[in-house]
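Here come two complexes built around subunit A, the first alongside subunit B, the second alongside subunit C.
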Partner chain A sequence: MEQVELAVVGAGPAGLSAAVAAARLGVQVAVFDENSKPGGQLFKQIHKFFGSSQHLAGVRGYDIGQHLLEEAEAAGVAIHLDTTVYGLFPGPRLGLVCHGQSRTCRASGVVVATGATENALAFPGWTLPGVLGAGAAQTLVNLHRVLPGRRVLMVGSGNVGLIVSYQLLQAGARVVAVVEAADKIGGYAVHAAKLRRAGVPVLLSHSVLSCQGNPRVEKATVCRLDQLWQPVAGTERQLEVDTVCLAVGLSPLCELLWMMGASLAHDTRLGGHFPVHDEDLRTSVPGVWVAGDASGVEEASTAMEEGRLAGLSAAEFLGKLTPGEAKERKAEVRQSLEALRSGAFGEIRRRAKAQVTQEAGDCFAGWRQL
Partner chain B sequence: MDGIPVAARTGEPIAAALMAAGHHVFRYTPRRHEPRGVFCAIGRCTDCIMTVDGVPNVRTCVTPVRPGMEIRTQEGLGRWSK
Partner chain C sequence: MPAGASFDGYPSRGELESSPGYPSRRRMESGPVAIIECVQEIPCNPCETACPRHAIRVGEPITSLPVLDEDKCTGCGLCVPACPGLAIFRLHLHYRPGLATVDFPYEYLPLPEVDTEVDAVGRDGGVLCRGRVVAVQAGQKTGGTAVVRLAVPAEFAEEVRSMSGGLEHER
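After this line comes the complex of A and B, so read on.
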């Protein structure tokens, strides 16, 4: 059976960062990713990132992806593409499928960095061709250079909804409206302002009721919502659109950890169910870490820092760092994470993460004493 | 697609080539025969599956297109033709 020191599942920002951090300390790392290209969702991010220069603010997502790949190569990380990790078993062992051939791999440590998946929103007509995730539209436009449609209704005004709306405009589509169920815009003002300057209406306290068309979307009905987010009768409006993009949040992809028996918890601030983890990103299964959106949905900059932290913690576990060195290195990364988790949105996640990791830390310490 | 030639660019996924050519219906559901197209575009949701070179349930959003590929709109669960 194939044997690696540290297996990383997912070659996105978190997985690559974990791999680089561990490999630089002499850990033999293998990264597995089901896609034919590494980088996760970084290569579709054509906008500049926020934060400080330490977090590569002002750099576009695809450049960050390229930078990470170069770091991984320099550190001697082996990246196995087109390789799906279908299962995670005690050992830990990984079940892999590559081009129809399955095999297993034993690892001394595993970092699960599987990312997140877009949430759906069910309403009459939501299964029609033409209703798709905002991230899906972003992939089509920015990676494949194909417009999913010409006239778009965007559902949700968080950063994904705002940024993708603007990128659809840049690609030549018309964004007919952005609807937002809350009474204020969810994302950063700078992204919303760009849309407003381009004349895109942002309808607050509004949502999509249904969409119609055969065989694809031709119209969507939107309406006003009351304070309890219930449709207000008589406010329905029909929009001529061929595309409805759903930007209604993401959920962590933690099935692999779930099947392995790792404890899960639920927190809406982190996108729903996520694997319980302590401040070193250790899950409840010894030798298994989680990092990035899979540990609770945030964004790419925090995913990279979490990956780094998990990589350092794994290297410590594998004996490549003394506890003293590890403590210092991990403290630096944690400080950087704190800085990223600030501002109106970051603060909510900072509190959620602090609560989660503290409870898990106490719990794991209790288990170790048993 | 369904016997009609579609132009494509090397390396792009089947779904991208089809959408660029104006195709948006990729399959019909087994029970209610409802049309489905691309939903997640990153290989997670399996809404965009089609029958490719006789193999049903191929995720077209993550399968690179190749010259001469035979792509069929899938009916229900599809059928192996080889």
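After this line comes the complex of A and C, so read on.
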């Protein structure tokens, strides 16, 4: 059976950062990703990232992806592409499928960095061609250079909805409107401002009621919502669109940890169900870490820092860092995470994460005493 | 309905004037200056390192609003393409008698040609006046974000924030 010291599931920002952090300390690392290209969602992020200048802020996502790949190569990380991790078993052992061939791999430690999946929204007509996730539209436009449609309705004004709307404009589509069920814009105003000055309306307290068309979307009906998010009769409006993009949140992809028996918890602030983890990103299963959106949905900069933290913690577990060195290195990353989670937008996630890691830390410490 | 960045998607006049990145009218009158329209506490600081004169300070925590030292700012415009949020502009109120220039980041193709006339638009996308493109800066030096300099009647300069006409779908 194949044997690696540290297996990382997912070659996105969290997984690659975890791999680099551990490999630089002498850990033998193998990264597995089901896609043909590494980088997760980074290579479709054509906008400049926020964050700190010391941590690649102002650099576009695809350049950050390239940078991480170069770091991984320099650190001697083995990246196995087109390789699906279908199972995570006690041991820990990983069940892998690559080009139709299955095999098993044993690891001394595992970092699960599987990311998140887009939420859907069901309404009459939602199965018509032309209704797609905003992330899917972004993949089509920025990776495959295919415009999904000419006239787009964006549902959701979080950063994903705002950024993808802007990128659809850049690609030559017209964004007819962004609708937002809440009474204020969910994402950063600077992203909304780019849309507004391009003439895109953002309709607050509005949502999509239905889509019509044959064989694909030709119209969408939107309406005003009351304070309980219920449609207000008589406010329906038809928009001529050929595409409806859903940007209504993401959910952590934690099935692998679930099947392994890791404890899960639920917090809407983090996108729903997520694996319980302490401040070192340790799950309830010894030797298994989680990092990035899989541990609770945030964004790419925090995913990279969480990956780094999980990689350091794993290296410590594998004896490549003394507890003293590890403590210092981890404190540095935690400080940077705190900074990324400060401010009005980050505050909600900071509180959620603090609560989760505190409870898990207490719980895991209790288990160790049993 | 309440107004402001979280509702309209762009800052209100009140939000701008009370934010530390927005220069005083006196400073605008005295020569080219950066206008930072960043009114929400988000984790971002590339504007701070972009300024060779250290006229922009974010400091700690990284979510602090950028503070413009308007006396140190020379209006060089280097911060304009550096802002990942495309929220920094450069205003030269007295470019020619009665004419001002506004520099704004522009990430659409095709880029406008120098000397062409375009519609100058405000923060809400509404057309305010006609403007003439007097310069276009593009390429790797600006990280792929082009900066368009538009000459507009001075009375519109505080409101003009972009142009229309470059968008593919509007043809």
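As a convention for this text, the second predicted complex is superposed on the first by the 370 of 370 C-alpha atoms of A that agree within 3 Å, B and C clash if a C-alpha of one lies under 4 Å from a C-alpha of the other, contacts with A are read in each partner's own complex, and residues count from 1 in each chain.
One rule holds in what follows: contacts are C-beta pairs under 8 Å (C-beta built on N, C-alpha and C of every residue); 3 or more make two chains touch, one makes a residue touch a chain.
These numbers were taken from a predicted model, which means no experiment stands behind them.
Engineer: Using the superposition on subunit A, decide if subunit B and subunit C clash or fit.
Structural biologist: fit
Engineer: As a test of reading the superposition: which chain, subunit B or subunit C, is in touch with more residues of subunit A?
Structural biologist: Per-residue touch count on subunit A favours C.
Engineer: Is A:R329 in contact with subunit B, with subunit C, with both, or with neither (first, second, both, neither)?
Structural biologist: neither
Engineer: With the two structures laid over each other on chain A, which partner does A:R93 touch: subunit B (first), subunit C (second), both, or neither?
Structural biologist: Neither: A:R93 stays clear of subunit B and subunit C.
Engineer: Of the two partner chains, subunit B (first) and subunit C (second), which one does A:L204 touch, if any: first, second, both, or neither?
Structural biologist: A:L204: touches subunit C, not subunit B.
Engineer: Under the stated touch criterion, which partner chain does A:R349 make contact with: subunit B (first), subunit C (second), both, or neither?
Structural biologist: neither
Engineer: Look at A:G172 in the shared chain and tell me whether it touches subunit B only, subunit C only, both, or neither; answer first, second, both or neither.
Structural biologist: Touch status of A:G172: second partner only.
Engineer: Report for A:L340: first if it touches subunit B alone, second if subunit C alone, otherwise both or neither.
Structural biologist: second
Engineer: Check the superposed model and tell me the shortest C-alpha distance between subunit B and subunit C, rounded to whole Å.
Structural biologist: Here the least C-alpha separation of subunit B and subunit C stands at 17 Å.
Engineer: By the touch definition above, which subunit A residues appear in both interfaces, subunit B in one complex and subunit C in the other?
Structural biologist: none
Engineer: In the complex of these two chains, what residues of subunit A are touching subunit B?
Structural biologist: 34-36, 41, 117-118, 120, 127-133, 135-137, 139-140, 144-148, 215-216
Engineer: Under the touch definition given earlier, write down the residues of subunit A that touch subunit C in their complex.
Structural biologist: Checking each residue of subunit A against subunit C gives 47-53, 57-60, 150, 169-170, 172-174, 183-185, 188-200, 202, 204, 301, 339-346.
Engineer: Enumerate the contact residues on subunit C facing subunit A in the complex.
Structural biologist: 1, 5-11, 37-46, 48-50, 60-63, 82, 84-87, 107-109, 121-126, 143-145, 161-162, 164, 167-169
Engineer: Show me the residue ranges of subunit B that touch subunit A in the complex, using the header's touch definition.
Structural biologist: Result: residues 12-13, 16, 19-20, 24-26, 34-44, 62, 64 of subunit B touch subunit A.
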